[in-house]
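Which chain is which? They are A, B, C and D, in the order written, and residues in each are numbered from 1.
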Amino acid sequence: MRTSAMDYDVVQAARVSTLGVEAAGSSGSTEGLINYLMRDRHGSPFEHNSMTFLVEAPMFVAREWMRHRVGWSYNEESARYRELKPVFYVPAEDRKLQQVGKPGAYRFESGTPLQYNVMRDVIRESYRHAWNAYQVMLRSGIAREVARSALPVGTYTSFFATCNARSLMHFLSLRTTSEAARFPSFPQREIEMAAEQMEEHFARHMPLTYAAYVKNGRVAP
Amino acid sequence: MRTSAMDYDVVQAARVSTLGVEAAGSSGSTEGLINYLMRDRHGSPFEHNSMTFLVEAPMFVAREWMRHRVGWSYNEESARYRELKPVFYVPAEDRKLQQVGKPGAYRFESGTPLQYNVMRDVIRESYRHAWNAYQVMLRSGIAREVARSALPVGTYTSFFATCNARSLMHFLSLRTTSEAARFPSFPQREIEMAAEQMEEHFARHMPLTYAAYVKNGRVAP
Amino acid sequence: MRTSAMDYDVVQAARVSTLGVEAAGSSGSTEGLINYLMRDRHGSPFEHNSMTFLVEAPMFVAREWMRHRVGWSYNEESARYRELKPVFYVPAEDRKLQQVGKPGAYRFESGTPLQYNVMRDVIRESYRHAWNAYQVMLRSGIAREVARSALPVGTYTSFFATCNARSLMHFLSLRTTSEAARFPSFPQREIEMAAEQMEEHFARHMPLTYAAYVKNGRVAP
Amino acid sequence: MRTSAMDYDVVQAARVSTLGVEAAGSSGSTEGLINYLMRDRHGSPFEHNSMTFLVEAPMFVAREWMRHRVGWSYNEESARYRELKPVFYVPAEDRKLQQVGKPGAYRFESGTPLQYNVMRDVIRESYRHAWNAYQVMLRSGIAREVARSALPVGTYTSFFATCNARSLMHFLSLRTTSEAARFPSFPQREIEMAAEQMEEHFARHMPLTYAAYVKNGRVAP
């Protein structure tokens, strides 16, 4: 597997710790070292890099996302500074609609076609009504920051999110599910869909780091 | 002015830095030392304490609040784990409804009685409609985390927020306005109302720290 | 096992998430809930508390300690503001002096009596010489911040360290060793000795949280 | 003044907040916008970037540096994993050696030639003695992590330090002095020398951000 520039930076940082600055440029098994760092939870070498994502997602996804504080920076579209756009989230037909089981062990099952149709019609009508209320208030001269109270959390927002490989792995470990994961996680499907796209990006740009992450049970070091 | 236990802890931490551990219990001018720390931006002595607030506020306030990452911990009511309550935010009559000026220098002016009436009626009707949609979906067996998409950001949520005096001062400096502040700030009135209550609590429990904060232009050290 | 006030706060914060604010005061299995939170890595409920330690330790221990950034606050004795005291670290006779094995799998074995004697004599003489150099410079009117360059990292320093249960568990998971730990850790013995004292304090003040920490493999949630 | 790629990223992040994602690529006054962000303390747009420095400095400088926790990542040479090199800090002749004034208002004045000579001779002899003790212990089979206790804080260490423009400005505001600064700061000269080099790098790579930082009194937004 090739060593990307970003994988290489992980190894450089680790070598300064263990071999000193004069060895920072030395060769050796990149793959083995990255795997060792991951396995023994040496997390700091994975912080000397930066990835910025431009995310477009419903507000309820942004709400969950921004609970990630450490190693994350955000700039989000402001509904105080600008009028939002009428873009809303309607679940696709394969979205599992029924939650079963008890707290701490919820799982989701497919809804019936009827359930899907009810959901889609009700949610669309609801968005339409809310948008209309928002527009009426704006046209009456009400400030954007007040009028937005009527907008649903299914409204799309957009934000820049910057993280490093360590904070990204922590995010992925909590916001994706996998049979192979060492710890269980229970992400809402909508944030998981975003997380899966980030995981692809991560795998492409840091292939050795990603491989070690998967091999060690998808736990952030 | 009396020295509270929490003010005293600030002074103890500072004395360990400058006089060493054997002086931690010594006397001296608490007020002068706290003022000096604030003025010269020695922020760390203000971190050895903890305040927990139980906040009930509209979701758009929670959204702004949780952008404060450093020195803040949160646990918020989950709309995935439970059905929310039909409690919504309707601005009071004294809420200034008109935003004037240009970006970076917005200010707010009172709306007309007609504007207030339109806003109140439209927003209430909008909340009622959204709540109904939420209920219809829940009764159709749709999962809470899906149905909540229809709920407006004016819906009340509740959360525990824990901070220390330093992170609280940073919050207050950005989320309250004052003629006497050294830096301008442009908080939305709704988060400012919550911040004002926290400021009262802060002033009561850490009177010397609070006095120094005000005296030095309401900037976090 | 009794529920301490601090354990109770964990449960309150978690209940706001899952049951809402009106259930914050409700009863139920505290022990079971804390164990569930720990097992499924719901870490935030463990942050709404605060513990402050006054630590006296050699500088090389302080150096390792202060690499813990998240959820930790520090105020340390300043060698710029005051003259330090001639207190130095000399390992006790049971300190294992020989490091064997290779990087990533080091272990320590007892030294011979001769090794111990050499170490003790050399290190004491070294401290004495360094202290003398420090004193000569100070008496010559050299600034404290310059003269301190000669002081060894075995010199004692003191600091206030404030953390919460979550950041403490993270610290303990990396700075103590245990057969029962889910992840290996390789702390230097000197910081582990401090960590063990903190662990006792933690176990006494948050018995249910501590029990769940141990039961779940000594991993921070 | 040209707009660098890194300055441009600041503006992009800010535009997502105020104008929405579709305006992220739009043109307009970069200089004016950056200045406005700095002046009104909109700090988050300055976080979507990353700078990594390889620092070689005495341990007492590393100690001060690593007190910067937020927005900083570190990997430092480990004296547990490797034998350190005999490289020590001896102040240059222009280092002001006399500290005058009282706590909170210290200033430094030049030492006499005699003072400089005493300092230089005493500190060199002290380093030589400490290094010898370290070597004797290592050759006796004593573990590196024990033997290092004898090494002075004037010993050089090396580390990777990664930050973003916001955390760097916070560092610079506390670790450099300037007549033009809005707040006073009292850095030790040795860390200031490193900070000045970082400031040059910052000015070169983010010229508009740097200009706005200086213009607004050298305060981090």
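Here is the rule we go by: a contact is a pair of C-beta atoms (placed from the backbone, for glycine too) under 8 Å apart; a residue touches a chain by one contact, two chains touch by 3 or more.
Since the model is a prediction, treat every value here as computed from it, not as a measurement.
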Interface with more contacting C-beta pairs, comparing B-C to A-C: B-C
Interface sides of chain A and chain D: same vs different residues, half threshold: same
Between chain B and chain A, distance of the C-alpha-averaged centres to the nearest whole Å: 26
Rounded Å distance, chain A centre to chain C centre (Cα mean): 32
Shared interface positions of chain A, touching two or more other chains: 18, 44, 67, 70, 74, 81, 103
Complex interface listing, chain C residues touching chain A: 18, 36, 40-41, 44, 67, 70, 103-104, 174, 183-186
Of all residues in chain C, those that touch chain D in their complex: 58-60, 62-63, 66-67, 69-70, 72, 74, 79-81, 88-89, 91, 95-99, 103, 108, 111, 115, 118-119, 122-123, 125-127, 129-130, 133, 136-137, 140-154, 188
Residues of chain A that touch chain D when the two form their complex: 9, 12-14, 16-21, 24, 44-45, 47-50, 52, 54, 56, 73-78, 81-82, 84-85, 158-160, 162, 164
